[in-house]
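What follows is a set of structures for review.
Look for subunit A in each of the two complexes below; its partner is subunit B in the first and subunit C in the second.
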Partner chain A sequence: MNEVAAPTQHAALAARVSEACSQAGLVGEPHAEALAALEAIDYPTTRQERWRYTRVARFLEVAPSAPADLTAPPAVVGNLEALRFTFVAGQYINGDVLDEGADGCFAGPVSLALERYPERLKGWSKSDFSTREWFAALQASAPQDGVCILVPEGKSLPRPVLAHHHMPDGVHVSQPRDLIHIGNNAAAEAILWSDNAAQSAGMLNAAITASVGDGASLSLEIVQDEPGSVHHMGHHHFTQGSNSKLTLRTATACAHWLRNDLHIVQDGTHADSTFHGCYLPNGRQFVDHHTRIDHAHPDGQSNELYKGLAADKSTAVFNGKIMVHKDAQRIEAYQSNSNLLLGEQASMYSKPELEIYADDVRCSHGCTTGQFDKEALFYLRSRGMTETAAHNLLVQAFLAEVLNGFRPEIRDHVHAVFSRRLGWN
Partner chain B sequence: MLKIDNLHAQIGDTEILKGLSLELGAGEVHAIMGPNGSGKSTLASILAGREDYEVTQGSITFDGVDLLELDATERAVAGIFLAFQYPVEIPGVSNINFLRTALNSIREQREEAPLSGKDFLAKVKACAQLVELDGKLRDRSVNEGFSGGEKKRNEVFQMAMLEPKLAVLDETDSGLDIDALRIVAHGVNSMRGADRSFLVITHYQRLLDHIVPDFVHVLAGGRIVHSGGKELALELEEKGYDWIVDAQATEQA
Partner chain C sequence: MSAAEENPLLDEFTRKEYEFGFTTDIDADKLPPGLNEGVIRLISSKKNEPEWMLQWRLDAFRVWQSMKEPDWAHVNYEKPDYQAISYYSAPKSKVPLGSLDEVDPELRATMDKLGISMEEQKRLSGVAVDFVMDSVSVATSFKDKLAELGIIFCSMSEAIQEHPELVRKHIGSVVPVKDNFFSALNSAVFTDGSFCYIPKGAKCPMELSTYFRINEAGTGQFERTLLIAEEGSYVSYLEGCTAPQRDENQLHAAVVELVAKDDAEIKYSTVQNWYPGDAEGKGGVFNFVTKRGICETRAKISWTQVETGSAVTWKYPSCILKGDGSIGEFYSVAVTNNAQQADTGTKMIHLGANTHSTIISKGISAGNSQNSYRGLVQIGPRARNARNFSQCDSLLMTDTSGAHTFPYIETKNPTAHVEHEATTSRIGEDQIFYCLQRGLTEEQAIGLIVNGYAKEVLNKLPMEFAVEARKLLTISLEGSVG
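Here is the complex of A and B:
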């Protein structure tokens, strides 16, 4: 496969992206380290293990323009009570800003937080990914607006935050960063939602950076419901303190081409991380979940569960890395990835990666890829269900373990999207 | 109601049914008995539309319709129900959700309005009582962790919910203790009526003490070799199958 990208090609892409983002509006200053990384890191190719099944050569052709129309999209999950914020193509449109002052909670756009509390956001544009991955460096070199959640020590958010990122019709690029800081013994719940218009194309290169303090908890639901033909790169980075609890659920409800890079670092003892995900590409769609958890300290726990179905000629990728550092004794790490293939031309690449340098740990992982149970299908059909109704029920059952963890409004939405897309309604 | 004529069927290269003919009238209960490997379960599977079998010759008509032209779903919509010998466990799908989906799927295909939530629940209650299925089993995943008896009671519960015209019971007595057998038989008996026929497939006569058939047939070597009234079952229990199978062999020779 000839995917060698001449340096000038990806440098040219970076220039085009940077120009389009600047024209639309940047937030803060690009990070110097990210700019240097952008020069130094090679453009990903399928010869690199991390990018083996993920072709990004076609990105080089993206020629984005700054969007002219920044109309707010319709609200999502309208029945959910939350502090809502809307962003279109990396620009803040409107929202229910919460500002309790310098010592209190803040929820609002990053741009406003930078204006009001620059000292609380020191080093905000830097993330671990931005010096390691070319696309993350690109994001940090021309960062745009996203939601900022700051919860100081001992406080908790009065209501969940719902940040809605939208890409309008046309070929655009958007590079939002969502930023979450949960202080020691503080708590927050948030929903990060991305969707786009039916005729949208281009690239969404989005970063989520969160830190969860000692004894703190963060519950985050990520919903990706993107019916256009946008290429979505996600860089999701989490750092956890001692005795902290992170619950992260990602539903890739619909995506033309999507890669999520998730990295969780347990930077303290007795940290607890739950991360679940589900995905269901069909047609020629591509969905890739690359996850990594670092157990860097003793007595931590992690529970990872990703489930998905690939239909038609689509491709799904799952790569789950568990890194257990030398001092991380007595940790318990559990990973599971299950897949269903529907259609002879659908592909699934699933790979667990365990690196264990401590000697007293419990790690388990399991990965299955299969097809619908023929006997179960016959049973359902013998009771009068059509083939599609039977499929729908079996997929619902298959994904229940993951979907039931979301709040009901979101679970129902995601299930409805799955059902509609595969003609199961 | 059901007419099977000279049915030949095979799985892979093995011919299992070799010219089976059978006729069931409306409201009749027929029992099919026979030694192991005679083709009893194959017949049940073919009636319900399992695709593993290939019918090479013969015909099945159900209410004047060529049954072999219908797939499994369409047969259920036409009013055929198979109580499985080995009911399938479906983790993650609650019994109630399963039945609601099945019932409304059938109603939709028959161009009937879906059942209201209230009517559905009333029906669930009545049918569950029939086979003494308690609330917990209704809400649990389909057959998951059910005992053998609970699975069979669940089959009869589904049958009561779906109200078929023809119910095929495939070895429903296997794995049942005497109490469960009585409950299952009671469920079936209370559903007998002028518009509903039953084909009861069993290896043992004891089920037929409780579900008394109008006719008894012996299936051996892929064909019905002997038919009689309910008293035939007792005779079979006493003498075994050999005398019929041997007589048949002599006749053919």
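Here is the complex of A and C:
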């Protein structure tokens, strides 16, 4: 447990990361508050409650180099019609920029949005993670390019946006920021996809900041399909207005080491948030989903469902917090986390939390960790299935509740990745 | 509209004075405030302890000095000044006690006010009561009857004198000195407590019970309880607390250790009603308790607690399920009112195969209080077929109170089944309406609903205690709860 890093070590890491990102090209100015926070915040250790199960000491060894190869990776889910944008190691490569002018929709790289509409992006790099978490502060201190989606009041995007972040072979650091702003009564759909080359390593320290206006809706699918040995730290921050609807689905299809910090703030009444996720670490992989929803206003609803399994010697972590603020009455908040533990040496850490300061609420959480249902297994085997086939079918059925919510192209892709990794079929 | 206007019953209940707040005037043999090695040596010599005990205390003190007071709990209080507390106080009127008539009349009156008159207890319920006034055991009954079965039930200081080998072997074996800040402090300065030893195969024929009371103003009370159940034995132990009204915060840092050998069963029930402070939270007891039991093969430990008092509670009665097939249970009702804060729950540590644990926790928050459940279920890599079921429900009575749940579920064995569920809600208007329709008053209706809500836990209490627990719950929620 001796993970306390000497201050110089993480300061040195910050300097290396800053330099590597600057060489590759920063987007916008580093955030002054983030720079101050980077100095002030301690490097996470397992002694801190939020980092109890997440070891980040190894990050300190990351020594990145600027990527030489910036060729675009092959397109993902080619059969999906979308506005596509490709980023390699935090740099914009190509894409179908949509620009309807100063009053219209915009979809393109953040760098271009900053150039064309700086006034629309005022305060864009602000995320409350960046003043609270060391890695988020690091991201904001040297931000790189990501997708920017701006939908003004009453408009909607003609097609979904697919932003593809890729890490090439070699040891690199990438700190992209995706930015989504949906105006009042507007709507958008987007897919944020991250993948890696097989020989990639280093750190992907990515941030997503989104605001959904009053009466607006945002449907976002996040796919993390990352072979290689990149350490992925994600900071996903969402703010919702009154009567808004947020649907967020995260599929961690493959990850060497991954932590997602998701924070949703319902900043208006009658907001509705649905956030689902699935994960399936195997080998010695590590997947950590930290989620938090703040019901700050009355009459909100939230529905959280995270399902996953841990095979071999892998570790899965789920930490979900429902926070109901004072006077946020008539909240309905449901959280469910189910896990299957498949490996003899796999570990599952689950911490579903409720923090409630209002009395007229209906909140519940449920959490299970277990094995295959023996009766179900017996039933399938008595129908002539091998044990492996029966296991696989049950795993697929277990994950279907989450996976079926994705659009079919993505569901099929994630399913294929899981199949390949666990040897289904 | 304020909560008071909305619900006069609730308001009345919220403003209710603490019923058991009274002080007994007895001369106490009391050390001046402060803590250093000299104080520990003095406590040890006053109690005429053997050298090993003194050394153990001193080691604990050194460990404590290097530790920091924990601040991870969901409670907010002004940390006590550990140098402003007197670490020893004993009633002076210590006479050899053969019968109850010899007990100091003042003490007797106190007991009567608490409703635990010893004669009554003796005559009606057959409960042997080891009554602790401040830190020294004052009266013990039914001792002879227990002695016939080879059961030892005495104060800790007596046990150190008369059964040093048992104490030395087991003290600190379940809650190590270094376990936490408060257990280290307790190990250094504990003055008394209860000791119980059930020999192999013995079934204790009566409920053993102890009443604790903090009496002297500004006196911290550091109880140490050690309960050993040998192979195949059974014991049910009851512990109840009330404390008099005081304006300064009183610290209660007890340690309870249970050892259940193979096939033994220990049932440990607590009703806790320390003084919670006034409506603004002024005064009131800090209850920072470490309770833990260890289960050998097929042994069973069951914790039942009804928590209604204390300004701040920090308490996690836990089970280490070491032996194969052992069972741990935790049933809790925690009521917080006014400015009370409770962070309570349990730890179920599954080490052996086929171990089972059940957690039922019911929280009720009223006034401006904060009530948290914090529980750990840990399944070790060797705990094949371990099974846990946890249920944590919270009931909110006012919109100024808070109810929180912080479960930790750590699983390292694929054959384990762990389930956790929690709900938070308030009493439904439809439920109250239904009762009103049937001719109940609103007060009766709320009482009915709350008692039904807590029934699962109250039913686990031994008969003798269940009556008192219901009474306590009623008193705590009087005005709003029948």
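Methods note: the second predicted complex is superposed on the first by the 425 of 425 C-alpha atoms of A that agree within 3 Å, B and C clash if a C-alpha of one lies under 4 Å from a C-alpha of the other, contacts with A are read in each partner's own complex, and residues count from 1 in each chain.
In this text, contacts are C-beta pairs under 8 Å (C-beta built on N, C-alpha and C of every residue); 3 or more make two chains touch, one makes a residue touch a chain.
All values reported here derive from a predicted model rather than from experimental measurement.
A.B. asks: After the alignment on subunit A, I want to confirm one thing: do subunit B and subunit C clash, or do they fit together?
C.D. replies: Fit - subunit B and subunit C, as placed by superposing on subunit A, sit side by side.
A.B. asks: Quick one: is A:341 in contact with subunit B, with subunit C, with both, or with neither? Answer first, second, both or neither.
C.D. replies: Second partner only, subunit C.
A.B. asks: Just checking: does A:96 make contact with subunit B only, subunit C only, both, or neither of them? Give me first, second, both or neither.
C.D. replies: Neither partner.
A.B. asks: Check the residue A:378 against both partner chains and state whether it touches subunit B (first), subunit C (second), both, or neither.
C.D. replies: Only subunit B; A:378 stays clear of subunit C.
A.B. asks: For A:394, select first, second, both or neither according to whether it touches subunit B, subunit C, the two together, or no partner.
C.D. replies: It touches subunit B, and subunit C stays clear.
A.B. asks: After superposing on the shared chain, does subunit C or subunit B touch more subunit A residues?
C.D. replies: When the residues of subunit A touched by each partner are counted, C comes out ahead.
A.B. asks: Give one of first, second, both or neither to describe whether A:69 is in contact with subunit B, with subunit C, with both, or with none.
C.D. replies: neither
A.B. asks: Name the contact category of A:370: first (subunit B only), second (subunit C only), both, or neither.
C.D. replies: Touch partner of A:370: subunit C, not subunit B.
A.B. asks: Please give the least Cα distance, whole angstrom, that subunit B and subunit C reach in the superposed model.
C.D. replies: Superposed model gives a least subunit B-subunit C C-alpha distance of 15 Å.
A.B. asks: Name the residues of subunit A shared by its contacts with subunit B and its contacts with subunit C.
C.D. replies: none
A.B. asks: Give every residue of subunit B touching subunit A within the complex, in rising order.
C.D. replies: Where subunit B meets subunit A, its residues are 48-51, 71-73, 75-77, 81-82, 84, 87-88, 90-93, 97-99, 101-103, 105-106, 109, 141, 158, 162.
A.B. asks: Please give the residue numbers of subunit A that touch subunit B in the complex, ascending.
C.D. replies: 373, 375-376, 378-387, 389, 393-394, 396-398, 400-401
A.B. asks: Can you list the residues on subunit A that touch subunit C in the complex?
C.D. replies: So the residues of subunit A in touch with subunit C come to 49, 326-327, 329, 339, 341-371.
A.B. asks: Spell out the part of subunit C that touches subunit A in their complex, as residue ranges.
C.D. replies: 72, 74, 379, 381, 394, 396-426
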